[in-house]
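Each of the two complexes below includes chain A, the first together with chain B, the second together with chain C.
Take a look at the complex of A and B:
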């Protein structure tokens, strides 16, 4: 009975990426293309997994608590700009760039969270303002030119299978540790399930919210390093241009939410990121036009949401039919 | 406390918007394109910000040209920009706001980044309410609508770094408020791509990849550049591209907004990437193409080394680009990643300013038939780090730019023949 339950949970957790992989595998095979043909394909895949997983964590931490944070893309942008500028000027290695970026991201997250808790304005409004603020600062720091370190082989050495795997494993372990095995995580989950009751029991909401913003900022600092070291350039964004980063996290977040009923929700986000990374790699290998990509991604997202919203009805219908 | 912080937040946001739109120059001005009220407020703020610069300007600039044109009144010129963050756009902006504005009695009012023709319309409305006498446009979502709107408001309009299509020009060439266009014509764009590919074909390169930039979005200049590249390959091998040769290739690309990989004679197009998606899949495609076995050259219609630079690490693949003279490209050339640069020079927008200013001062320059100006202007091509440095140092100078005041003075209030001769001599050696 117990083993049946474990099998059911494992199957439930891995069914989406496996089905996605099989569909993509069949399409690629029919066109004579191997999905993973070289080391660079693994790098592309793992980079997508790492950046999407971290963005999903960063988004979901606050979104699950009802705080919609548009500024995560701007935090990623500004933290990577500052860390890259420092490392270029001082000739520091990429590991230091990563650490600076995390620290700056955490600080930016703290500022964002502080503005929210002090002003008590709706988080969506605060995050839009903060987005403009951080985009403007990044623009001013670089005089609008962005940052280019294409020829800095030390900083562009980050993309590798080992580094991306390390990022994925460490980030996942830390997030599970913080949110599932610390008093901070306990309070966070308690606030999620009932804010009023939790506050009445003595849990302080403000430090918890600030903590969430700091963690989300740190995660986006890593995302900034992943994306900037991939190309060796950081292009500037203005007028909410950085918000797009956030949208990459929606599909994996919904997938993670679904998979979360079979396993830890954080692992669910990783599985969601793996699923979207398969799709991204398939787009690259099959050379799918961007317009077609957008249509496919939107259709997948809508279908998934339709399923989630009507899941009970579907099962009820099946049950009625059986009877 | 809460109110104070809310107020501080609002001030910070306003400041950020100004920083984001305004660059770093104290002589720079921007305008919000969204609402008239915002524009008025912003104009007041900008006026205060630039007071110091204006005082200096008024003390230094001449109030009368050699040919007797009255230049005593400050002329406001609106500048429409679709792009505010590329090296090219920033270099152009510096030239206008940090050089031209300090030399002439003019005030530039910049738009925000424009996303579509509705934004263009809104920005022009703002310029009109800001009492701009002329508009110089770097934005091409709907040129004809822009010209129509300016003409109705009796505001002069000019196209910078581009030209109209022949059909568009025929429709507006007699419009007195359409000053004209000076920039790389589509023929020049075609030739730029052709020359780039031919440079490597002559060296015996056989295996190419192409970065098509905005070809998927049907952007004319990028389509013509790619067509030129393919035409050079067809000419070099005596073969054809999809059944077409020469300029007919342009039509082939327009059919699909795509470039087919494969062979043109014994020359191979091993990979092609278009668009600016900048997502994981797109960067995946970039890496795929750059790592293609046997690849020798990547011909890019846009900023190739920015996108392919790290992807070609550890290979012998070189990149050729069409863009502007920016610091990062110099570093890429020094590192041997970028091998060829056809770049716009920032002062190339000097002549279009001169004729627009001239028109606003009541001395319009028309061609011999009384039509608006339509002149082509090409690129500076650097094929070595030394050459790049030489071009960059001139292009980057705000003390002695490629076209300085003495050069532009010869155009204000001049005739078409003088202008035509001036613009035609655009190469680095001719200018310096």
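Take a look at the complex of A and C:
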């Protein structure tokens, strides 16, 4: 009985990425293309997993608590700009760039959270203002030219299988530790399920909310380094150009929510990120036009959500049909 | 009594904000020696599309929802409208296409959200991706590769302030009437304020959500038509900032994001013009785009903070 339950849970957790992989594998094979042909394809795949998983964590930490945050992309942009500028000027190694970017991301998250708790405005409004603010600062710092370190061998040496795996493992372990095994995490979950009741029982909401913003900021600091060290350039965004980063996290977040029924929700987000990374790699290998990519991804997201939100009705319909 | 007066003043903060911005624009413009009437024309040209789209969007916001795909919908409607004009040379058909496409997009959003029980914000995010991709595909397939050009002679006679203001005024009047003097507006405010209670009294959230999206779609279609009139060469950047400008304008104008009874139809108009006046003042000061955006962000948060100061809860808002 127990082993049945374990098998059911394992199958439930891995079914989506496996089905996705099989579909993609068959499509690629039918066109004579190998999905993982060289080391560089593994790097592309793991970069997508790391970047999407971290963005999904950052988005979901606040979104699950009803705090919609548009500013995560702007935090990623500004933290990578500041860390890259410092490291280029002082000739520091890429590890230091990563640490500075995390610290700056946490600080930016703290500022964002502080504006939210002081003004008590709806988080979506605060995040709109903060996005404008951080994009503006990044633009002003670089005079609109962005940052380029294409020829800086040290800073562009970050992309590697080992580094991306380290990022994935450490981030996942830390997030599980913080949210599942600390009093901060218990309070977070309590506030998530009942804000008023939790406050009445003595849980302090403000430090918890600030903590969430700080953690989300730190995660986006890492995303900033991953994306900037990949190309060696950081391009500027104004007028909410940075919010696109956030959109990459929706599909894995909902997949993670579904998979979370069978395993830890954070592992679900990793599985969601792996699934979307398979899709991204397939796009690259099949040379799918970026516009078509956007449409396919959006259709997958909507279809998945239609299933997710109507699951009970679908099963009820099937059951009635059988009877 | 004193509290009521304070509340009224706070509620009017966006209006005072607009008055201050207009005054600042006139004073700074006079000091810098610019042609004020040309500057005002420029403000109207820049605001009118956002104001029209945002006014329709108020119906969606009143329900406590929001639509992030409005700007992309303006772009696709304008491009398809432009393509129809290039094929037929018929201005009326172009207008009908702009409205038709925008309403169709809005209907798709509302049907997905209300019939399939999807969260509106996710539906509109998916729609945003699809529409942005469609802009690139349509321009790539039908245009020169980077643009679709409607002959400027075709719309030149409409590219004037009286026509644009008339379109804006007519649409706003229709929206004010529906919002303030018909059951549609009242029921939408009720649904936004307390959806459970409203549904228990027999108000259909699906029906009113679809109506809200259709009204908003008409605004998007008008915005698309006005975009072609103002800039007949349609590129990938056509209406690219409209989507977020609409959200900012609505919030800046004093509209509560949670919707409900405090929703105001005039918020969109005030917000759209305030943001444009603010941008113009930044330009007059020759501020670098980055610094300009920082100042804009600070003023945005400050005005919304003052406007919302009557409605703070003990808990953090969600």
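Descriptive notes on the structure:
What we mean here is this: the second predicted complex is superposed on the first by the 321 of 323 C-alpha atoms of A that agree within 3 Å, B and C clash if a C-alpha of one lies under 4 Å from a C-alpha of the other, contacts with A are read in each partner's own complex, and residues count from 1 in each chain.
Criterion: contacts are C-beta pairs under 8 Å (C-beta built on N, C-alpha and C of every residue); 3 or more make two chains touch, one makes a residue touch a chain.
Nothing here was measured: the structure is a model prediction, and the numbers come from that model.
Superposition of the two structures on chain A shows chain C clashing with chain B. By the touch criterion defined above, A:123 reaches chain C but does not reach chain B. Look at A:96: by the touch rule set out above, it reaches neither chain B nor chain C.
In the superposition on chain A, contact is made by A:284 with chain B only, not with chain C.
By the touch criterion defined above, A:136 reaches both chain B and chain C.
Looking at the shared chain after the overlay, A:248 reaches chain B, while chain C stays out of its contact range. Shared-chain residue A:88: touches no atom of chain B or chain C.
Using the contact criterion defined above for the overlaid structures, shared-chain residue A:240 touches chain C, although it does not reach chain B. Applying the stated contact rule after C-alpha superposition, one finds that A:305 touches chain C and leaves chain B untouched. In the superposition on chain A, contact of A:146 is made with chain B only, not with chain C.
Once both structures are laid onto chain A, the chain C stretch out of 42-50, 114-122 or 258-266 that overlaps chain B is 42-50.
Counting contacts as defined above, chain A residues 115, 119-121, 126, 129, 132-133, 135-137, 139-140, 143-144, 238-239, 290-291, 293 meet chain B in one complex and chain C in the other. Those residues of chain C that touch chain A in the shared complex are 66, 112, 116-119, 121-123, 125-130, 132-134, 136-137, 140, 241, 244-245, 247-248, 251, 257-258, 288-294, 296-298, 300-301, 304-305, 308, 312-318. Remark: chain A residues 38, 40-41, 43-44, 47-48, 51-52, 115, 118-121, 126, 129, 132-133, 135-137, 139-140, 143-146, 148, 150-151, 153, 156, 159, 229-233, 235-239, 248, 277, 279-281, 283-285, 287-291, 293 touch chain B in the complex. If you check the complex, the residues on chain B that touch chain A are 1-2, 5-6, 9, 12-13, 15-17, 19-21, 23-24, 84-85, 87, 90, 112-113, 216, 258, 275, 277-285, 287-288, 291, 305-307, 309-310, 313, 326-328, 331-332, 334-335, 337.
Against chain C, the residues of chain A that register as touching in their complex are 65-68, 115-117, 119-126, 128-133, 135-141, 143-144, 195-196, 199, 205-206, 209, 238-240, 243, 247, 250, 254, 290-295, 297-299, 301-302, 305-306, 309-310.
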